[in-house]
């Protein structure tokens, strides 16, 4: 099955199965990511209390961990939920928001990677670079200054070190497990002018992971789906407000055949 | 006064009095419910610190408690605010989001019901079933699998057990105090594809409770108002993004005479 | 340089420099204010953990403190971040949401003003009045009952007492450092029917403060920019939902020359 067909098949399975996606994510984007997951066809739930995260993670088809607005009790809950997800075989996707920007974020991202088996790390280039052992702090964090194009070899070796698929998003996204590598093209500049677009990408990767056992295919498929929605939304938008509205409509209206036709996934 | 006239009268009073509605609610929907309350004509405030909830609840026309993203400090604040609301005579509406899905949620919903005099419980069918003493955990939680139609007798007896009006929302909503029962029809399928629609229903019930002393009428009126807004919004929407925008516009633009004409409230 | 030219110049600098604006703000509006800052051209970051706020504030061009959903750990973080911002010379803007409504809010606003050097306080009239030493609690908090027009002398003397620029927003905004005073006209009534509009004003003041050393000019410029966006958005809106969408589009599309032409800033 080709990459586009795989993306379409995963979207179809999300629509059929409506997998429960458990999110421990940041305050800023909870609403956006819940809505994106619903538009995709998944069933989002947000739960962060140490007292319930294991029970919730045990029911979930996938777990999304996003460190965008960290605090110590949330870190404990992320670790507990991640370990439970590992135990029951639910895939985990990590969004190390702002890793490299502060010590708390970098160390938390590292600790989550050390103590949880993460299927996919979705990051921008600076965040990804901050995850290199011995290079913590080298990245610039939230802003992405490093060209994705320069990062292919670095991403491959980092993916191998982390033992995870690494999805580095930027103008063109790069997805690699260290051996295989794909590029996903076709987002739009307006995606950088609304908050939580990376977090939305990560949440959608969670939905695709819940139905697609190959994390490389799941990550590339989800990014291609969001990229297509972004292009469609930008064509209807007059600014970031109308873009966000049109993006949710597009995520909802894109069907598997459209995704198969229009996804821009290629070997890197 | 007929049910539709009662709904229209309550909306008119909300617009005239702009009651302060104190919300202790979940992170995902705070923005949505604040905006829905403003569009309705109420004055929302969100406050959750143990140090201020009693002072805030004592000023409020109604208190909305929603357990969608629980943690222990918030539970303590909910209990304190609810008891203060009881003391000053402000009605309380409870949204037991995800009760039945995790032990923390089910037990918290039960504890709130035991320690606070709740005027209205707004829930989906699975959440409602989880509240039956001795049957905790039987529900499926966030998803609603039980048909509202099968639930009339169960809802009536549960309402009597809880000593509260029970508003079970689904394709058709059922509102009962155990003796009287109303159905509210006329939402739209898109309402299930955006996050926080149930939470918005609960918040609007809070606004109506602040001005309408009969909690059955308040709950049915608020649900009819939201249902009408949902139908109007769906007619203008091309997906869940544009639906949410149109819903807020509709909540704002519906006037009492329109609600009196178009509300779909009937004896159950 | 005239006031309008100053506003346009500040917007141009925000677009050129994309200053990092560190927000410790309330849960309800985080998404709105992040998006408004992005539409303006700034780089927002939200971070509230005691463990990282100093590191984040030390990198920021400005710090925004908003007490809309307080709790004790957040208060400690606000104090630490504010002191660090003072240390590195990053200007601080305070939004005392609901000061006067509860003791926790009034006392926290007072404590922040006592322990941090605040460049601008952005408040409604009731909140501003609650900040007068010896008059704490006199204000009504969230609702603004006092006419801005009556408040000119009071605002001037309060600004002197606080040692900060005071920006009191209402139908017409008043900005004063105690000696100079400006009025900013031209918002729209719909701005009072969506949540977080005051918080958005405060966040935009933060962006302008990051590039404009005169806090009076920064505050007036940001309010004029938001007011213009509000007027443009209202012309395209059919209610508060479409207004919010159009507002973000307008913030994004207004360029410095348009702001210079259409800003409504005058000597008070």
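The chains carry the letters A, B and C, assigned in the order they are written, with residues numbered from 1 in each.
Keep in mind that, in the parts below, contacts are C-beta pairs under 8 Å (C-beta built on N, C-alpha and C of every residue); 3 or more make two chains touch, one makes a residue touch a chain.
By chain, UniProt protein names: A, B, C = Hydroxyethylthiazole kinase.
All values reported here derive from a predicted model rather than from experimental measurement.
**Q** Quickly list, by label, the chains bordering both chain A and chain B.
**A** Touches both chain A and chain B: C.
**Q** Rounding to the nearest 5 degrees, give the angle of the rotation that lays the CA atoms of chain B over those of chain C.
**A** Angle of rotation between the two copies: 120 degrees.
**Q** When chain A touches chain C, do the two copies use mostly the same residue numbers, with over half shared, or different ones?
**A** different
**Q** Averaged over CA atoms, how far is the centre of chain A from the centre of chain C? Could you give it in whole Å?
**A** Distance between chain centres: 33 Å.
**Q** Among the residues of chain B, which ones contact at least 2 other chains?
**A** Within chain B, the residues that touch at least two other chains are 27, 31, 244-245.
**Q** Give the list of chain C residues in touch with chain B in this complex.
**A** Residue positions touching the partner: 26-29, 31-32, 68-72, 98, 101-105, 142-143, 193-196, 237-242, 244-245.
**Q** Quick check on the complex: what are the chain C residues that touch chain A?
**A** 20, 27, 30-31, 34-35, 38-39, 43-49, 51-52, 55-56, 59, 73, 244-253
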